[in-house]
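Next, two complexes with chain A in common: one pairs it with chain B, the other with chain C.
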Partner chain A sequence: MSAFIAMAWNGFREARRNRVTVLVGAFALLLLFATTLVTEVTVSTFDRVVTDFGLGVMSLLLVFLSIYLSSGLISREIERRTIFLMVSKPMSRTRFLLARLAGNMLTLGVLLLAMTLLFWVELVLHRSPITQPQLAALWGLYLELFVLTCAGFLMSTFASQLVSALVTTGLYFAGHLCSDIYNLGVKSKVELVQWVSKATYYSLPNLERLNFRPRATYAIDVTAAELGTATLYALGWGVFFCVLASIVFERRDFR
Partner chain B sequence: MTATPALSLPVSIRGLSKTYRVGFFLNKHVKALQGLDLEIAPGQVYGLLGPNGAGKSTTIKILMGLVRASEGQALLFGEPPDRPHVRRQVGFLPENPSLYEYLTGREFVTLAGRIFGMSGHDLDQRVERVLGEVGMGKASDLQIRRYSKGMVQRTALAQALISGPRLLVLDEPTSGLDPLGRRQMRDLILAERKKGTTILFCTHIISDVESLCDRVVVLVGGRRVQEGSVQELVSAKAPSVEMVVHGLPLEQLQSLGFTYEQAQQLDSRVLLRVPDAESHSLLQAVINKGGRVSRVQPARFSLEDLFLDAMKQAGDQMVGGEIQ
Partner chain C sequence: MLLTRLVVLVLAVGSIAWMAEKPARPLRTQDGPILPRRELLEVLGAAQRPLLADFYWIQAIQQVGRANTAAEYRDVFFYSDLATDLDLRFRYVYEWGAISTPFNLGREQWVNVDLSSRLLTKGLTAFPDDRRFLFQLAYNKMAYDKEYKIAADLLMRLSKFPDTPRHLPQLATRLYAQAGNFDTGLQMAEMLLESAEDEESRAFYAHRIKEILRERVLTQIDAAITAYEKERGARPKKVPDLVITGYLKQMPEDPLEGQFFIDRHGRARSTSGLYRLEMYDHAKKQELREDLAAGGIQIDETEDSP
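Right, the complex of A and B next:
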């Protein structure tokens, strides 16, 4: 097992031992509660409401977890000085950073998979269909988690966990609102507002491009081209954040 | 540096300096190290001695790639320390080591072995052996969060030994340990020395240096103030003599005009310490004044005296580096 895989696997083990899997249990309970409620109050829109709720809760829990994990992973290592023993080993700093990122994505991937299985079991039990847009929405969610994790990682290479978490949370909301911010600028007559809104739009990842949940709710198919573009878009932002994180991390002194 | 790594010195430092930028606007500069030169030969146990803030840990952190030097060069086996094949030959125990608390001791040491590129049965055997060597064989399956400080220290030493390093870098390995823990740690270091491992070892505990090190460098305020073998440094100091005088008060003895290194009233006696060159004249003077000398013996000059002398000589420098 190479050093990279060992470190990545260790990241997953850390999350598991810190009981993040509790989230899957929370998701199961929320889903059970929601479906019980939905069967009581809906007549013909059960599939739509359960899909919307299931994907929404999954997204909320995993986004929260990805921000928490990514913002603390490197900064906690620095604060607790565990970094001394890792960075001094025969592994470059960038490799260490990427291994930690891979461990985080593995954790989020496993949790997403577990929640997806629960979600599907729920759908099957209620004889609701598993659709292509649902799969696309799940992939989009994983891409969104990837972008947020990379952003959190970048922040945590030079800021405390609190600051990293706040900035990454801000990025999450701004990323979902940046189309609206752009449109606001277009409608404004003030040149400064137009300029700021455009700058905001182009300097932030547009997370709505990765959000296929509304289409899953209304069972509107997502084309392969759309998925491919979204994947490339997320990878582009992820790589950009990782390169910045690597530059910062490589130059840091660990006193 | 063109020397073949195998023939190169385990540690070679030339003109090494480090300035930290501190303060809210990073506009203050702290000189943690100033032009340090150092060479460690294979198989030596080399002590970095100095008060807090002398630059010992900074030197070690530069060697381990944790901190970048501002000026100068630090080489391990003739090559820059950030090269992976160089680091494979080095084991590192930082000051107050912090390990992944969610792992067991065995898992942590295994993880360290995997980062060193080890795997399979060889790794399992090696983990078992080093955990046994540091006395952690039985407790190795407990989570590290349940360990005492001494157990953490020993597990950290086990991970430093996992790759069978040619150079072992230890930052304050005995600090915070109880007397038994310190003794065990010293024994482990001595065992590594017997195997021929080069050891760079940083401490402010002088007795550890005296009992373990072949050579010592004394750092004060980021500068080297003394360097040599423990024997050389101690014997280079002019010898002195201790005398116990009866029948003469301290004030009268002080008025005789001798250079006392120590003069202390002890009940009816006075303990004096004078340079060897003056001892004969002092003896004569005491007898002439009607005093009686009950004991004359050469004073043992210790590394502690040397350390305190070095501190005095460098007294104009700030402990913790110079702030500008």
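Right, the complex of A and C next:
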């Protein structure tokens, strides 16, 4: 277990040393500060604008970072041949994969926490309330980052960084639009189209289930049941991607 | 070598500074600002719709800040429309956009009102019971579009809410009369008379019923005057002239016991009330004052006889 923690911690340190992580973190903090300027040019809807811009900036940048980090992690190890050092150790490849995933999620979690603290400072300065749906939206964002990271990991076990990043980005958009595919499909009179649209919907992670930002916009409470089912749903997809990733990674020949 | 680099650097900075200018105004065509298609934004910003809606909401506010002309105020509608497309529940944008879009060209000539009404109608689909939208739309229809029947319908809808001012249904009955919908106006007034809870309201609606009946007669006299003038090339001087010449079957009776006469503009009026049952804006009130001062509105002694 200590080897697992050491590797996860190492992954976190590695990500922290990565210039992109630092840049994204700095940029996000700067943008959150800039939200103050946005409130200067709006009328009457300050609470809403601060909430939307704060959560929106966090979401956009962390999603970008999660795709970048997850898609490059394993493929970079393979390209640099550092993977040989790892696979030669007395540790299963799955454990290595999960440790890297944990390191990645730790990096994203720490950044999300830092941004959340700044976001709260801003809310307090604007005398806007910190609401339950905002907390739910932050948790939902972390779950979304988890699903995307797992998908990126799966891709990076057998594809290059560019391909992994492209596919994971596609999954991000498809995940947020899959309910539209379903709704459009069921309106069709052709049974095959209905069937295909339903199959597409269920075979993609519905990331809108984890998106509580519109609720935060209108301060509509998110129930414990909704949060619980969303968490289980995200965990299910994450585990599914991880299992596939470990199967591919275990069978991969690095010679 | 260093000197060359420095010179090039200074030249580059100088070029940037020389070419720098204030940000350009947003691109627009004759029809409106160039905005991305809603469908595109919905796909690209699927995860960030509130953020995008806020962005175009802020753009709408900025547009009001830089607008000077009717066309520029018109653009406020397009930004508000896009913001509400992206977030149908963004209530404040409907109201604010609808109030900001109309533009006064001078002498109370308003433009862009159709767009304001469009935004409010769209808002009412998302918020069917929003009293402010209902009232603002009724105001647009009444004051700008002169669509009195629609305005009256909206006011009647509004008057069904608890705690609404009681002058709203009263105004609605006046608007029905102005629109020529006397039967609807009478029905409403009778219904309101029956449901009135206090003596004052009952007296008002009893009087309003008589006013509507009188307005119906005045409108018939107006039509007879127009026909008389068209066929004979001159305006009748008295209401009995219309009866004598057959344009009216009989001498009309005022339910409010006044006497009908023709004012200097050729409109029928009654001594029972100088104001007809229609909307009076500032210009119309001024005209009435001038008529009174000029003696254009007076009781003709001969009107007693049929």
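We take it that the second predicted complex is superposed on the first by the 238 of 255 C-alpha atoms of A that agree within 3 Å, B and C clash if a C-alpha of one lies under 4 Å from a C-alpha of the other, contacts with A are read in each partner's own complex, and residues count from 1 in each chain.
Throughout what follows, contacts are C-beta pairs under 8 Å (C-beta built on N, C-alpha and C of every residue); 3 or more make two chains touch, one makes a residue touch a chain.
What you see is a predicted model, and the numbers here were worked out from it, not measured in a lab.
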Looking at A:R17, would you say it contacts chain B, chain C, both, or neither? Reply first, second, both or neither.
first
Touched partner set for A:S128, first chain B, second chain C, both or neither
neither
Could you look at A:R251 and tell me whether it touches chain B, chain C, both or neither (first, second, both, neither)?
first
With both complexes superposed on chain A, which partner does A:T200 reach: first (chain B), second (chain C), both or neither?
neither
Quick check for you: in the superposed arrangement, does A:N211 touch first (chain B), second (chain C), both or neither?
second
When the two structures are overlaid on chain A, which partner does A:R48 contact: first (chain B), second (chain C), both, or neither?
second
Is A:H176 contacted by the first partner chain B, the second partner chain C, both or neither?
second
Return first, second, both or neither, reflecting whether A:S59 touches chain B, chain C, both chains, or no partner chain.
second
What residues on chain A does chain C touch that chain B touches too?
none
Touching residues (chain side chain A, partner chain B) in the complex:
1-3, 6-7, 10, 13-14, 17-18, 80-82, 84-92, 251, 253-255
What does chain C use to touch chain A in their complex?
43-44, 46-51, 53-54, 57-58, 61-62, 87, 89, 92, 96
Can you name the residues of chain A that touch chain C in the complex?
38, 41-45, 48-49, 52-53, 55-56, 59-60, 63, 172-173, 176-177, 207-208, 211, 213-214, 217-218
Along chain B, where are the residues that touch chain A in the complex?
20, 61, 64-68, 82, 84-85, 87-88, 90, 92, 94, 96-100, 102-103, 111-112, 114-117, 119, 156, 159
